[in-house]
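The structures come next, written out as structure tokens.
One chain, chain A, links the two complexes that follow: it is found with chain B in the first and with chain C in the second.
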Partner chain A sequence: MGNVIALSKIGISVLGASDPNDFIFHSSYNTFKIIIEGDVTDTIPALGSKTIQVAHGLPFIPLVTAFALENGKAWAFPPNSPNITGTFPRIGYLKTGIVFNYISADEDYIYFNFDNTGVANKDVTVKFYCLEAI
Partner chain B sequence: MLNLLEKALLTRKYAYNLDRVKKLEGLLQGKYLSMVKIADAFFTNAKIGSLGVDKLTTGRLSVGTLFDIGDEESGDYIRKSGEDVRILMYKDDIPQVVMGLQTGVPVFKVGRDGVNALTDNDPNNFVLYVDQVTDYALIKEKTRGSVSVNGSQNIAHGLDYIPLCFVFCEISAGVYRKVFGPNYDGTGIYFRVDGTNLVLVNTTGGALDFSYYIFYDEVD
Partner chain C sequence: MKVALSKPTYPVIGETDPRNLIFSTEYGTLKYEAKSSIILTLEAGFFGDSISFTHNLGYVPFVEVYMENPVGDYEYCPVNGSGATVLWSSTFRVTTTQIIFSVESTGFFNDTDFTFLFFIFKNDTDLI
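Moving on to the complex of A and B:
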């Protein structure tokens, strides 16, 4: 394996370990770096949709992950899911009406797409991380 | 108590040695030395203004030794500080990297720009944070790839457990969308992972390019 820099987990010999899961860091294995992180807040119109667009300014198409936080709510939720306030017997999911549909990215922008099935405008804040090039 | 003869002898010897030292300094002024051997010497607050060697071999530096690599005046330098068994790397006079003992515990902390790695204890402010209290493990990439998928495509991950994966799909030319599970969005584009394969699925009816990233880190 040659020369490495390795840091093992607590109680594990850094010289004896060979399972990558036993290391906090090992220079033989790439780790994803947060190239950019940020947040953006926008209003999703009642009974409508919106794609929030953010210029990333990177010279490549970034790998992006993100979570949304609806104004006044305490939890963040990922894309491909509605915002759910709770689950109840025989009722099922209780939703706020906000749906975080997807994240996309191209050479210039990151896109966050939302639906709002509610009858009032709603503000959402998206926290995003550009990890590295796709 | 020295007699006059002894005093005169010592004075002559001192003057002689002083003269030799001055001559030696004159000879070495601005000169490169190919080899210098120093035995049993002690230096206090010595400073090397400029050193150019292919290899520098030292013996054991004694307890309490302080040495800097780099120019302290510039604010960017590496320091082994006195009796502390640790190395500090300074940027803008801030110790942003600490490697060694901190309050008796071995640590390796690399702070983000401007973070003081000696005084800051919030792991969110660090690129790397090892403190022997909690394992703040970094996810470790095993492999990545791109594949065109129309229907279902198995990617054997070669691990004997379910690994963490990221998947993206080129939803239109040059636009990559993060891919999740099959339940909600109804696009027909999703993935799942089991103990053998990362399974990429595209039921749209046309081929789409997927980019995937498989990590060593277990999710189960």
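Moving on to the complex of A and C:
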């Protein structure tokens, strides 16, 4: 075994630890590096859908995660989810009409797909992180 | 000046491809604030409910959420699932003070627990 650089969590001996969960950092394990982070704002048309496209400029297809903010709302919501304003026992979700359907990526672009079931255009901002190569 | 550690067989000097690096000060990392869990009990016959966890960070943090479904498996949230006679889904939203976890279903015959396991990171999404 070669040399390692390791930092253990408080209360755990760095020399005796072997569980990766006991380390803050260990050079034997890769880390998720935030290779790119950014945001993009676009308008989702009423009763329609839109795929927002962002060029990533990386020489590989990145692993991407993101959160969305609907203009005028005070919370972020994740991909694969409707934007909900509340949940009620006899109704279920109360939705704004915006649905963040998916994230995908290829050699050149990241794609964020949304639906808008409302009767007014709505602006959304997406905060995205490229963490690693797929 | 920067600090970098390359993967085995890659010389660290001159290496600029992040795929070949274990760590580099050129790139940010996700910094862990807390790991916790919370149980939402959906009462029999209810179509939805929510439960919140207060983080009080003052900004919308990066989070990762998993949900233990009614058959005991952890799935990456948001989740859509089904059983023999019922459908369910779960999602969450993040404010500057809370994470609000929600479940919607077509109605269970009995009270049903949904456990959300979540990781909160220090990283500010800067969305608000």
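Heads up, the rule we're going with is that the second predicted complex is superposed on the first by the 133 of 134 C-alpha atoms of A that agree within 3 Å, B and C clash if a C-alpha of one lies under 4 Å from a C-alpha of the other, contacts with A are read in each partner's own complex, and residues count from 1 in each chain.
As a working rule, a residue touches a chain if its C-beta (ideal position, glycine included) is under 8 Å from a C-beta of that chain, and two chains touch if they have at least 3 such contacts.
Note that the coordinates shown come from a computational prediction; the quantities given were computed from them, not determined experimentally.
J.: Mind telling me which of the two, chain B or chain C, contacts the most residues of chain A?
T.: C
J.: Give one of first, second, both or neither to describe whether A:Leu47 is in contact with chain B, with chain C, with both, or with none.
T.: The answer is neither, since A:Leu47 touches no partner chain.
J.: Is A:Thr31 touching the first partner chain B, the second partner chain C, both, or neither of them?
T.: After superposition on chain A, A:Thr31 lies in contact with both partners, chain B and chain C.
J.: Identify the partner contact of A:Leu63: answer first if only chain B is touched, second if only chain C is, both if each is, neither if none is.
T.: Only chain B; A:Leu63 stays clear of chain C.
J.: For A:Lys9 in the superposed arrangement: first (chain B), second (chain C), both or neither?
T.: Touch partner of A:Lys9: chain B, not chain C.
J.: Given the touch rule stated above, what does A:Asn101 touch, chain B (first), chain C (second), both, or neither?
T.: First partner only.
J.: Given the touch rule stated above, what does A:Ala76 touch, chain B (first), chain C (second), both, or neither?
T.: In the superposition, A:Ala76 touches chain C alone.
J.: First (chain B), second (chain C), both or neither: which does A:Ile134 touch?
T.: A:Ile134: touches chain B, not chain C.
J.: Shared contact residues on chain A for chain B and chain C?
T.: 25, 29-32, 78-82.
J.: Applying the document's contact rule, which stretches of chain A touch chain C when the two form their complex?
T.: Spelled out, the residues of chain A in touch with chain C are 2, 5, 25, 27, 29-35, 37, 39, 59-60, 67, 69, 74-84, 86-93, 125, 127, 129, 131-133.
J.: Show which residues of chain C lie in contact with chain A when the two form their complex.
T.: That would be residues 5, 7-8, 17-19, 21-24, 27-30, 43, 46-50, 60, 62, 65, 77-78, 91-96, 100, 102-105, 123, 125-128 of chain C.
J.: How about chain B: which of its residues touch chain A in the complex?
T.: On the chain B side, the touching residues are 108, 128, 130, 132-133, 135-142, 166, 168, 171, 174-178, 180-181, 183-185, 211, 213, 216-218.
J.: Please output the residues of chain A touching chain B within their complex, sorted ascending.
T.: Interface residues on the chain A side: 7, 9-10, 20-21, 23-26, 29-32, 61, 63-65, 78-82, 101-107, 111, 134.
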